[in-house]
Structures are given as structure tokens and as C-alpha cells.
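Look at the two complexes coming up: chain A is in both, with chain B in one and chain C in the other.
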Partner chain A sequence: MVASGLSEPHLLAQIGAVARRSVIRTIRQRGLLVFPILFPLILFAINGSALSAATKIPGFPPVSYRAFLLAVPFMQGALFVAVTAGVDLARDIESGFFNRLAMTPVRPSAMLAGQMGGPLLVAAIQSVIYLIVGIATGVGIASGVGGALVLLALSVLIAFGFAGVGTLLALRFGSGEAVQAMFPLLFVTLFLSSSSLPRNLLKVSWFHFVATYNPASYLIEGIRSLVISGWDARALALGFGFALAILVLTIGLSSLAMKNRLQRS
Partner chain B sequence: MSAAPAIEVENLVREFKKGPRAVDGIDLAVEPGEIYGFLGPNGAGKSTTVLMLTTLLPPTSGRASVGGYDIVRDGAHVRASIGAALQEAALDAILTGREHLMLQGTLQGIPRSDRARRTQELLNRVGLSEAADRRVGGYSGGMKRRLDLALALVHEPRILFLDEPTTGLDLQSRTALWAEVDRLAHEDGITVFLTTQYLEEADALADRVGIIDHGHIVAEDTPENLKAEIGYPTVEVLPADVSLGDGFASALEGFGKLVRGDDGSIAVQLPGGEAQLAEVVRALDAAGLHVASLHLHQPSLDDVFLAKTGRKLEGSSDEAEEPVEAPSRRGRRGRRGR
Partner chain C sequence: MRRFASVTRGVAWRSIHNTIKTPSVLVPSILFPLFFLAAFAGGLSKIAQVPSFHYRAGYTAFQFVFVFLQSSAFGGVFTGFAVARDFDSGFARRLLLSAPNRGGIIAGYTIGAALRWFLTGTVVTIAALIAGMNVDGSGIQLIGLLGVGLMVNLVAALWAIGTAMFLRTEQAGAVIQMPVFVIVFLAPVYVPLNLLTGWIHAVAKYNPATVVLEAGRGLFDASPVKVALAFIVLAAGAAVMAAWARRGLASAERAG
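Coming up: the complex of A and B.
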């Protein structure tokens, strides 16, 4: 329902308007771009050098440790995207800007999709930069140019799903601090995966168990397979499968939370 | 007035978990084109009422209609009929004023061809044309409030909710906003529901005032009637020679209970109203007393609030002393033919 004389705003127009704002905010706050890109690259440089001896462990794939590690910055970047998406929305709720939008005929789906505009832009830019840095430091992409494009698609998909986590927390708690508090938890989840070593080399039984049931392992291994193995259908199916499952779950729950938050009478 | 009320509220209640009733069974009706001042201290229930009437918060019980639509059953129609500038201008510091208006215009369904024109029109109207392409983070409090008002007007609503629109503004910004609100109501015919904790704001702007305290409406009428209901004007006399204070007291004691000021002045309420001022002058003249100054004080909404709630409104004393030039009540009443 819109005011008399006005047309019912089209869903795509609403998504476009909200997304445009989100992208403008991202572009104008360069800090939001720089830190998520820089931090994973610093860790990549440190760990890639300090842990390079890991390649000598029997059973380690016959590639450089840097090539093995390249998947991790994509995941860390996705974590930053989750926090950025969540904090941005939580700030809108805290400041009352969310209520301002809620007073318009905007649809919950348009709000949700539009809010993802900026975080997805960050995800796309940082993924391209991680890939370029990886190649520039001598990492070859075993799956070729096509594989590099699939890698970018998978990493953006993962970031999209993670952004859903941040959005869900923001909608649930309405607090930027609550969203930021989740970051260490997600970071530990990433650590308790096959991020540093292949799963078959994780000899501590509980660690191996956790890493096996940790979806982050399959996301990392999906990206990693494109870098070090070529086209590995199983790894890609699991990577895309888990990424899609996380996306569907988090966006689905976020949609419900958005509807509740926008529960205007 | 014969038209249906623009806002009609019956026994509206809002309870929060583990808290008192923020709004406890209020009734009110606002006529089309009227400025209704909703006056009360912090925590009285003003903003909760506005959130319910703007459909952002469901009521616990009771009913209300806005623009003829039920706030629970016809939320979308209500939102289409209203504009709202809620407490604390909720703006995005990163966006420019123009970007805010364009975003709002798109979400309100204003056709692309009209959006830029409407945006410029509103920027001109609230005096933000020059600052339109600057980020809102650099705006002053008054500019933010003006932009907030423009955003509420994007879709040309019939009813406007303003939740403490001038809180924190300097005198000049407040006066400018008052003039604009007055114009919206009395030239454009927009119904304005205005919450405020400033007595003189309600006094200057509102056609009628509802005083809310602890979730209850404790008084409702025109500012003039409210003031007339609770008190009489007071005349305050400062003797030319303060040592003759007892003589002044003798001359004035027939009018009522005297109150002596620290500066030697003597004040007395006039039960007969302003007309008794002449009698006061004659009484002093007959006693051969000379006055340095003589002031007649009308009762204020502060007196009304005190009488109805037993306490003064927070911050009201500071505000009441500011010599604010408000839009002329008499002038605008004349325009409306009241």
C-alpha cells in the first residue's frame, strides 16, 4: 500500500535502492574495505612462511604451503564480511534508521537483499585481491582460469552465507556489540578445521573429529581443491553444498527475523 | 468540525514485559488539520503512543485509527497516510541529504521521473538546497531535524507525527521548525501530532494539548482553556520605595493571598481576571503609593502541569524563560476561521 497517487514500488527497485545505499556506505568508509583485505593477507604472509615446513610431513599434498594456505584468506575475509553486514544493520536498528525504512512500504525481502549489497561488494573485491596476491606470490591455480572464476564464485557464496549469520544476529539482538562478539567464535570455528593441515594429518583425535564435522573444513577444501588439485568434483560438491546450505539456512532465518523485526501491524 | 477525526484513540494500552504500563488506557481524538500537542516528561508514554500510532509497535489492548484506518488491521494504509519524524533524527551520517530523499522517494513508490523534482522541492522548502550534496554527518542539529521533516513529507502525507522535533535544538533552529510546522498545518491542512516536553512549544504551536503522565492523559484542552481552568492571572507590584511594603500589603490584601518577593515585590492573584488590574491601580493610587513596576502574569502550562501532576515538568523552567518568538496563534486562528 502506498500513498494515493503513488505507484506500488517494484521489488527490484526497492532492492536496488537499499543496495545502493549499502554500497555507497561501503565505498565511503574505506576502512571497511582495507582491514578485511589486509588482515587475512598479513596472516597469509606470516603463516605461509612460518609453517612452510609442514609440507615435509609425510602425506602432505605435493604443493607449496602457500598454495595450501591460500584458501584461508577467503574464509577469513568472509568472516569480516559477516561482521560488517551484521554491525551495519545493527547500527541502523540502534539509530532508528531501520524504523525510518520500516515506515515505508519496503518489503522485508527487499530490505534483506538490499542490506547485503555492500558486504557482497566487499566480498567480491577482497576475493579478487586474495587471488591476485596468491598468484603474484607464486601460487598456481591448478584448475586454470575457469577454476579461478569458480573459486571467486564459491568464495562470494561463502561470504554471502556468512553475511547471513551477521544479519541474523543483528536482527535478533539489535546490537552492534552482540554482532562483534560473535567474531572470536567464528574465528575459532575456522581454526578448528582443516585450515592449517589436511584432515588426514590431524592426529589428535578430538581435533580430527571436530574438523571432520566442521562445515568450515569443506568450504576451505572446496576452494583449496581448485588451487592445488584441479577439478575435484567431490570437494567442489561438498564446498558448494555446504556454502549453499549455510546461505539457505542463514538467509531463511534472517528472513523470518526480518519479518518479525518489521512486524508492523 | 464535522469531518471524521484524523486520529482516534480508545482505551489504548501498551505493556512491556516486566515493566509498568507505558501507556495506560488513553483516549483522544485529533481533528483534521489540527496541531495536537502531546505534552509530558520523559518516560510519560509519549513516544510509545507515537510508535503505536505509526504502527511500529503493536498495542497490548485498545484500539486506534489513523487517517480512518485501524492501526492493527490496516497498518499498510496507515503508513501510506502518515509521515513521521521520530525521536532523534534517524539519519545515515554517510549519505547526503539528497541521497536520503531519493532513497525515501524510491521506497515510497514515487515514480523515477518525479523523484528528483520532489527531492529538490523538499530541499528548497526546508532550506537545505546548498547543503543537499554534503554528507549528513556534517549537518548541524537543526539541519538534521529539517531533513528529518523533509523525509517525512516525501510522499505528501495527510498526517504528520513529530516526536520531540526540537529537542536539543538552538533557539533559531527551533523557531524555524515551529514556523514550518505551523505552515504545514494551517496552510497545507496537514494534521500534526506533536510530542514535546517543552511547555512553551505546546503553548506556541498546538491548537489543543493533551498532558500525559505515567501513561495517563491527565488533562486535554486548548492551551488557553487549560490555563484558565487552573488559575487566575497574577499581578506583581514592585514599590518605588520598598520600605513602604506594609502599606502596599494593606492596599492589596483585599484581592487575595499576598506573596512577597525577595526584592520587595508583592504578588497577588486576581480572581476577577485581567479586569481587576484597574482596581489594583486605583487601590494603590487611593493609598498614595507609588510603584516602580507592575507586571501581570498569565498562568502558564507549567502551572497547569503542576496542578494536574503535582510536580513541575523537567526542564520547563529553563525553557519558559527563553524569549521565543512563536508563530502568532491569533494570526493562524484567524486564517483557519476559528
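Coming up: the complex of A and C.
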């Protein structure tokens, strides 16, 4: 594997090298990033006003609908991160770059982690934008400045987990078109959750059932709690817990998928 | 005329054949409206309890009409994607060279869009009926709703085909999709116009999609409103978009 006389670079250096390439590629195609960042904001602007009548439903939290909805752009942004991460990796697989990289001393774990560098940069930038837009439109963060920082950390962790989903899909299918086609299925997880109304106000029983067992509900409620309730230990524990679980699960499955792909190639 | 008809028939057949034979194209176009129906009718049904919300057929029916018309608009948008893909693959250029009447190309893609929506609209309707949706409109009124849907599909398809022919790349997807998406969602999607407040009320009031949506909901609820106005708006939209599509075709012809 390693040329004689040359020591293998440290794992962190390997991750850094792959991540640098991923970040540069992301920056170079920034025109393609405008839509994923803008789309959640457009939906936030429209739904924040169009659904404001929902605050008149008995039992709705005593906050504006915009404040209630602010968690959703973070989740939608994370879904776009999943697609970006998946499509980028799929493109590397399709072009043969992935196989050539596999023949170098770079470890599979470094390839996996480094590939997510660019999408994570996007996640961090879009999270800051969503937060600024939310505050600029009059949404107060009930948990204060500290809460805003925790919100950013949670949203980036969620995006990291979703990037793992995109990576897994790319390794499994090896095609950018297939990753894109899975996007509606990812999007549905957001629809079938407590994104538009609190779970206790979901009247239709099957929808309430699905939303209760949908991890997306807890990710949204984790972010939402920081905006509308302040420090809610249970909501935060569930939010961070599910985000971490998704990350660990997708990275674990991606490692297996990568091993299989490398054995095949 | 015969040349026009043969090109139209060929392009329409290819368009619907490709849709049915390509799961990665067909499945999302069917799943998206179903997701919207499930999310809006299921997740937001409590909205019907907002004071001043009156829709006799119920919230599922209220949302069904929106999703039905939205799916017709997106049937047109997805056809634009197919046109863009045909340009990327080089097929569209060969088609331009070989078609004895190029106007038939637009007509063929437009018919393909309607057939594509027929498939999606049927699935959405069946799903809504299974979910227990009430249908209050009479047979004639439901045919009227179908007519509104077909006109929406025609306007959206002509917009999408024209734009795809101007830009001639799959990367035009966002440009094709975004205006339709914004216009559709700036109508009273979740509650009637009288329950909207602030800037969204002002925008929705003058949005032509609002008239179309209100007419559709009225027909479905056996209380027709603004039906003639909706058809006039859609006919005007179709005329403008037909000119747009024709110019798109001319642009593609010039590009060779």
C-alpha cells in the first residue's frame, strides 16, 4: 500500500486533504448552492405568513407562527446538504476518481469523513443565514445568545447526519441521478412530522402516529425549543440524541458500503 | 396539417412512453403530490377549526383541490425537464432537423404533459377518496374542475417547454420550476383568502392563481365562484405562454 521509505500521513492529515478538495469544489460551484439556501427561506416567508391563522387554534403555543416555523428551514437545509454530499460523492464514483483515490495510502475512513467537508461548510453557512433571517424578521430566540449558538451546533450536527445519509446512498447506488431521485423520499420525512403543527394538535390519528415515531419530529422540536421555549432539557436531549444516532448509523453503514464497493472495484 | 399531426403524435407518444418507462422520472412525479396531500390534508386538518374557516366538503377536500391543480402545474413543469434533457442528450436537435412541422413538437410535448398529469391526477384522486374525502360537486362541476386542471397543465407546460427551449440544458430545472412553485404557493393554499393577513393577503389577492384555486374549490364544493373569470385568466395565460413557447422554439431553431 505504501511506497517504501515513505511514512503514511496521519489520519487527520488525510481527512484534511480530502476535506480541502471537497471544500474547494463546493466553493467553485457556489452558483448551484444558491437554490438550496434560498428555497427554505422562500418557503419560510410564504408559510410563515400563510399559516399564521394556525396560531388561533386552541392549544397552539403562545408565539408567532414564524417563530414556530423557524426550525423548518434548518431541516430543509440539512436535506439539501444530504443531496449535495451524495451527488458529489456519486460524481467521484462515476468519474473514477473514487477508485483512483482508493489506490493511494488514504484510508477509507479518511475518504468518508473528508468527502463531507464541503457539504458541512454549506451547512454551517446556511444555518447562520437562516438564524439571521429569522431574527431579522422579528423572531426572538427564547434561550438567548447561548441558545442561538447551541441551535447552530445542533443544526450542523443534523446536517452532518443527513450528509451521512447522502453518502450512504451514493455508495450504495453509485449514481448522482439515483441520489437525486431519492430526494422526495427524504423530503417526506420532513412533511410527516411536527413541522407545521405541534404533535398534540395533529388531529388525524395515522399522521399523529407517524409524526410521533418519525425522528425528524424530535430534531425539529429540539431546534424549536431553543427558539420558542428557552432551555428544554428533554427536547434538547432528544434532538441531539437522534442527530447523533443518525450520524453514527449512517457513518457505520457507509463504512460497510464503502468496504463492499472497494472490494468490488 | 397532416405533417403537424404526425409530429405531434410522435412526440406525444415518445413523451408519455419515456415517462412510463423511466421509474426515476415517473415515481417522483407521482409521489410529490401524494406527499403534499398527506402532509397538508393529514397534518394540517386542525386548521379547519380556525374561526371563520368554512368549507363544507371538509379540509381534505379543501387541500385535495390545491394538490390536484398543483399536480397539473407540475405535470407541465416535469415535461419542461424532459425537453431540457432531450436537448442535453442531443435528441431535440435531431428532432428539429427531421420534423417536417416544428410547431408539432410543442403540441406533442404539451399533449405528453396532459397525459402525464392524467396519470398523476388519477393517483391523487384515488388516494384522496381512500382517505375518506367528501365530494360535494355535481358531475358537471367536477368536469369543470377537470377543465380547470387541464388549462393549468397547458399553461405550465407551455411555460416550461418554452423556457427549456430557450435554455436548452437540464440545469434550467430551477428556472423552470421556481416561478411556478412561487406563484402556486402565493395563492391561499392552507386557508381561504379571507383568513390570510399581512403581505401574503395582499399578494394572494392579486395572484391569478388565487382565482383559479378559488374556482376549483368552489366547483368541488358545489358552490361555484369566479369560474368564468378563472377560464378567462387561464385562456389568456395559455395565449401568452403559447407565444413564449413559439419564441423558445425559434430560439432553438436559430441555435441549430
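Following the convention adopted for this analysis, the second predicted complex is superposed on the first by the 261 of 265 C-alpha atoms of A that agree within 3 Å, B and C clash if a C-alpha of one lies under 4 Å from a C-alpha of the other, contacts with A are read in each partner's own complex, and residues count from 1 in each chain.
Following the convention adopted for this analysis, a residue touches a chain if its C-beta (ideal position, glycine included) is under 8 Å from a C-beta of that chain, and two chains touch if they have at least 3 such contacts.
Bear in mind the structure is a predicted one, so any value in this text is a computation, not a measurement.
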Note to self: Which partner chains sit in contact with A:Gln29 here, chain B, chain C, both or neither? Use first/second/both/neither.
What the structure shows: first
Next item on the list: Please work out whether A:Tyr213 is in contact with chain B alone, chain C alone, both, or neither, and reply first, second, both or neither.
Entry: neither
Checklist line | Partner chain in contact with A:Ile42 - chain B first, chain C second, else both or neither | finding: second
Check: A:Lys56 contacts which: chain B (first), chain C (second), both, neither?
Finding: second
Check: Between chain B and chain C, which residues of chain A are contacted by each of them?
Finding: none
Next item on the list: Show which residues of chain C lie in contact with chain A when the two form their complex.
Entry: 24, 27-28, 31-32, 35-36, 38-39, 41-47, 49-51, 53, 174, 178, 182, 185-186, 188-191, 195-200
Notebook entry, point to check: For chain B, which residues are in contact with chain A within the complex?
Noted result: 54-56, 58, 71-73, 75-82, 84, 86-88, 90-92, 94-95, 99, 102-104, 106-111, 135, 151, 155-157
Next item on the list: Within their complex, state which residues of chain A touch chain B.
Entry: 1-9, 13-14, 16-18, 20-21, 24-25, 28-29, 92, 95-97, 99-106, 263-265
Item checked: chain C contact footprint on chain A (complex, rising order) -> 35, 42-43, 46-47, 49-54, 56-58, 177-178, 181, 183-185, 187-188, 191-192, 195-197, 201-204, 206-207, 211
